[in-house]
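Structures for review follow.
The two complexes that follow have subunit A in common; it is paired with subunit B in the first and with subunit C in the second.
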Partner chain A sequence: MIRKKIDIPLIIVLTLLGLFILVPMGSAFEYSIRNGLEGGYSFKNYIWAFNQDDFGHYLLRSAWLASLTVLITLLILVPTMTLLHLSNSKFRPLIDGLSLLPLVIPVVAFAVGAQIALPEFVQSTVFELPFLYFILALPYAYRSLDIGLNAIPLKTLTEAARSSGANWRNTVVHVITPAVRSSVMGTVALTFALSLGEYTITVLLHWDTFPTWVTYVAQENLLGAIAISMIALIVPFAVLTSISLFAPDRSMKESK
Partner chain B sequence: MSNQSLTVKSVSKNFAGVKALDNFNLEVEVGELVALLGPSGCGKTTALRIVAGLEKQDSGAIRVGDTDITSVPAYKRNMGMVFQAYSLFPNLSVEENVAFGLQMRKVDKKVRLKKAHELLDLVGLDSQSKRFPHQLSGGQQQRVALARALAFEPEILLLDEPLSALDAQVRTNLREEIRRLQLSLGTTTLFVTHDQEEAMAISDRVGVMSNGRLEQIDIPDVLYNNPASTFVANFVGTMNHIPAIASGDTVNIFGKQVRIKNSHSGSGEVSALVRPESITVMRSQGAGQAKIVTRSFLGASSQIVCQLPDGAIIQSLMPSQSTGELHPGEEVNLSISLDEVLVTHAKIT
Partner chain C sequence: MIQKIERESAPSRGAFSLSKTFSILPYLPFIIIFSYFFLFPISRLVYVSFLSNDNTFTLSNFETAFKKPYNTGFINSIKIGIYSAGLTVFPGAVIAYFVETRGSSKLRRSLAAMNGVLANTGGVPLAFMFTAALGIQGFLTKALKSAGLDIYAHQFSLATLTGLLVVYLYFQLPLMIIIFSPAISALRREWVEAATNLGANQYQYWIRIGIPLLFPSFIASFLLLFASGFSAYATANALTVGNLPLTPLQIGGLLDGNVSAAQLHLGKALGVVMILISAIAVVPYLWIQRRTSRWSQK
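This part shows the complex of A and B:
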């Protein structure tokens, strides 16, 4: 009988990583089910959260803003980065560096400058937020896609698609994007999560979204606000996990 | 399938000041398989990529049949291409890969899958149609790539060293398969390779390239037996460089006066280019013209390597039955069976 070798270092790393993620989440959850001064545990904070009139309104608003951000990110980044990789441009290291700027520039300076750069009809509506969220998510989304594009024979696949009769749009949609599927999924998850939880830029530009509303209700019921935050954490996590589970990589699925 | 002829007219291409193609001309007849053969950097792949539309030429024109396609983008050229690197789309199954070109041409799904299965049947992989590229061997992947390139009935088939990543046995089998398919479908084909055996084995004509130009294009026999230049003579097959003295338009090789067929300047020392099979080695009664270094039995023929007194090495290929009495260290005489040879002035060692 062949026994599978146990990879102890891997188990240690995964355990530490799991603790790093789960301990704060578990602590927040434990805090959210406390009964306050009365002591004990119950789900009354969650019941309170669901009974708030604006809960669904702001959660949905942030969710569609985050979805719009994901769409903008994919529409801009996938073709741009494909062309950037194909061109083998000597400016690529420079562009790699520029993509990190949103991490360096203070959000206050960035928010005002970036808002002015947007067209006026966008500036006056809540639609300015997805464009600004896109810039905030750029360093993470860029790197996620960069890893994927570096891992495939991009030039050969593109040329094979082109010589088979695919125009640029079909090449990106039918060949490149599915070939870097896991990177695209990573980009979607990172961009969605960052957009859903973004607070600073939203407040600076005087918009109300789910995170700003949570801050507002926290003044009235801190434990309730923690419960709301837990829901806001679990819902997108569940959605993204479902996407991964129900739409896995076809080629990997077939090979099992 | 509407097979067409291919014409490449006066195409030039520079990469950062380096000439990749220099006034390159080529004609491939309908249904013909032409191989472009040459050393690395001779421009053969650049020529193929320009024909495919994946590279843009600086000047010149490309025609398919009577149609000028010089400015037509790659995806509208209707040319199937098989690449050196494995190029199957990893997210698509084998049948979807083969049907991809038809999908891009908006062919009905049932029709394109039927066609894909026909092509997979032709390359012997119909049973693998539901698999994904990473589940196939290298040879199988190139077979699927060939099926994909042929599925949409291209006017021209382009092969960019499709066998170079495969092991020897698979290479031999697949090149025969490519030829069989090409002949049965009658597809006009341009095949780029650096492997002369591959080119000679399956091509109707072989074009030898050097420095961005076509040195000679002809049927394999003529290319081998009657090379037009010393470059072609040296590049195709094994060639001896025999030190000899030229006198006018003849040269004395092993005591035989032979006519020189290429232009050269005046008399004096030259190197005569002679194939191993044109040299006969005979036992000498006394001191001979050369000494046998090695004798290798190759089956029907044997290779005899001799050394001349000046150190030059001469190879001879003779029927094995007539080499039984030849042994290393023996003094021998040499003769050649040619009446005309190519010569060079530089002695190549």
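This part shows the complex of A and C:
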């Protein structure tokens, strides 16, 4: 293995980016652990946040709403896209265009439209949110799935399975599903994260989830809200970064 | 002979058109959900924006939308869109270039994860993060002061256009890195080598090949960043208390009934104008995206 030389310009760029991102984050964290008038540091704002009953309540609610959005993505988008990639359907440009359309519409305008269009029985249940989150995440989910599916020779695999005598059920279960799994996982993570953090449409349609609860907390305890925000930023940050650091290095395998 | 062929091909043609009709079936669940939860609300929004309080056709909602204070809202929203995009598009492109061409794959992936968190889950948490960092007692405020920049000398507040801009930059820069990186990774090594073999130096490569190839994606990224800054709602809503005229906030206020207007459907007209402005940016973005992805597909 050849050791690379130290790349000075890259290090300068990364240092600047690191300062830009970490200085505000670090200084907010420092602020959130200050001990008020007594001076010194403590985690009392974090302890306060965790002791709120609403903390778990709203986090759980946001999590299952995000899970339902993922479920809709898995049941509706994944089969649709897999079939599009298998069949060269003439509907491909149509679905392609539709999926990117939500990118054009500002979420605020979409929220107003949803409020005046959807009937009472839809708007009176929180189950409308996963469908709306699905629409909001669609351009990103579509693109990530499209790139993933383009990278696998789905058609060849399916034809090989079919001509070796597999029936459709076996082809779907043993060939297509394992082949698309990794690109689906990426899409699932993206959809889940977007739904978990969604604020605009949720608050405009008067629902309470974890992100909207934070703004509510801020009105009575700003330090508590800051602590919760730090958790909301640092935890996904740490989880995703460690996943990407410890995950097997795919490009190394490819270059072998 | 001819008759025979016709007779044989006729039924098969019929079967073909039948399967054509049915071939839309697998796509129906997607199309139905998309139409009901997206196309229907948006068309209803456009329709209602042309209705008066008595449900007759009118253009008066749009007339009001272009008067004070709503025109100020549009100007401010367009300003913050342009400024936040203009200030991040170049640094973001440079960072994307260095990371994509010189970074290890681990570095690229952990940066992508980090940028994803900041660009997509940001909004409200970022607003409170900056409340702490740039508050009058914040560490960053003090650090800036000791560096000779006293931001509170001129009555700084996060709830102003400048204040919001600082927070917007924090999610616009990661967004720029995310959307511009694919364009960088599509630049092939062979092109540098080919140019060098033909006698080009670094400078000539960039002027004749690199920049012309990246320029469309660069413009497209600027347009998407503009749309993102123009229509952002979460951060602004968390930081302001209805005192800053920005179109998304004005629409939110009208929707909640916090702000009363003589015209019931004014908010819908504001929404339609927002869609038009956003479309001016996003439609060219999608078009350029499609054109460039054609040659970048390996």
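Descriptive notes on the structure:
Here, the second predicted complex is superposed on the first by the 158 of 256 C-alpha atoms of A that agree within 3 Å, B and C clash if a C-alpha of one lies under 4 Å from a C-alpha of the other, contacts with A are read in each partner's own complex, and residues count from 1 in each chain.
The working rule: a contact is a pair of C-beta atoms (placed from the backbone, for glycine too) under 8 Å apart; a residue touches a chain by one contact, two chains touch by 3 or more.
Every value quoted in this text rests on a predicted model; they were computed, and no experiment measured them.
When the shared chain is aligned, subunit C comes close enough to touch A:P236, but subunit B does not. Once chain A of one complex is fitted onto chain A of the other, the partner contacts of A:S164 are limited to subunit B, with no touch recorded for subunit C.
Legend: residue contacts after superposition of the two complexes on their common chain; A:L86 is shown touching neither subunit B nor subunit C.
Touch criterion met: A:P9 reaches subunit C, while subunit B stays clear of it.
Judged by the touch definition given at the top, the superposed model places A:Q115 against subunit C, while subunit B stays out of reach.
Using the contact criterion defined above for the overlaid structures, shared-chain residue A:L74 touches neither subunit B nor subunit C, since it reaches no partner. More residues of subunit A are touched by C (comparison of subunit B with subunit C). Touched by subunit B in one complex and by subunit C in the other are residues 249-251 of subunit A. Remark: subunit B residues 52-54, 73-81, 83, 85-93, 100-101, 103-105, 130-135, 145, 148-149, 152, 158 touch subunit A in the complex.
Interface residues of subunit C facing subunit A in the complex, by the touch rule stated above, are 23-24, 26-27, 29-31, 33-34, 37-38, 40-42, 44-45, 48, 94-95, 98-99, 102-103, 105-107, 109-110, 112-114, 116-118, 120-135, 137-140, 143, 170, 173-174, 227, 230-231, 233-234, 237-238, 247-248, 251-252, 255-256, 267-268, 271-272, 274-275, 278-279, 282-283, 286, 297. Across the complex, subunit C is touched by residues 7, 9-10, 13-14, 17, 20-21, 23-28, 30-32, 72, 75-77, 79-80, 83-84, 87, 89-91, 95, 98, 100-118, 131-132, 134-135, 138, 140, 150, 190, 193-194, 196-197, 199-200, 203-204, 211-212, 214-215, 218, 222, 225-226, 228-230, 232-233, 236-237, 240-241, 243-245, 247, 249-252 of subunit A. Interface of subunit A with subunit B (complex): residues 152-153, 156-157, 159-167, 170, 174-175, 178-179, 181, 249-251, 254-255.
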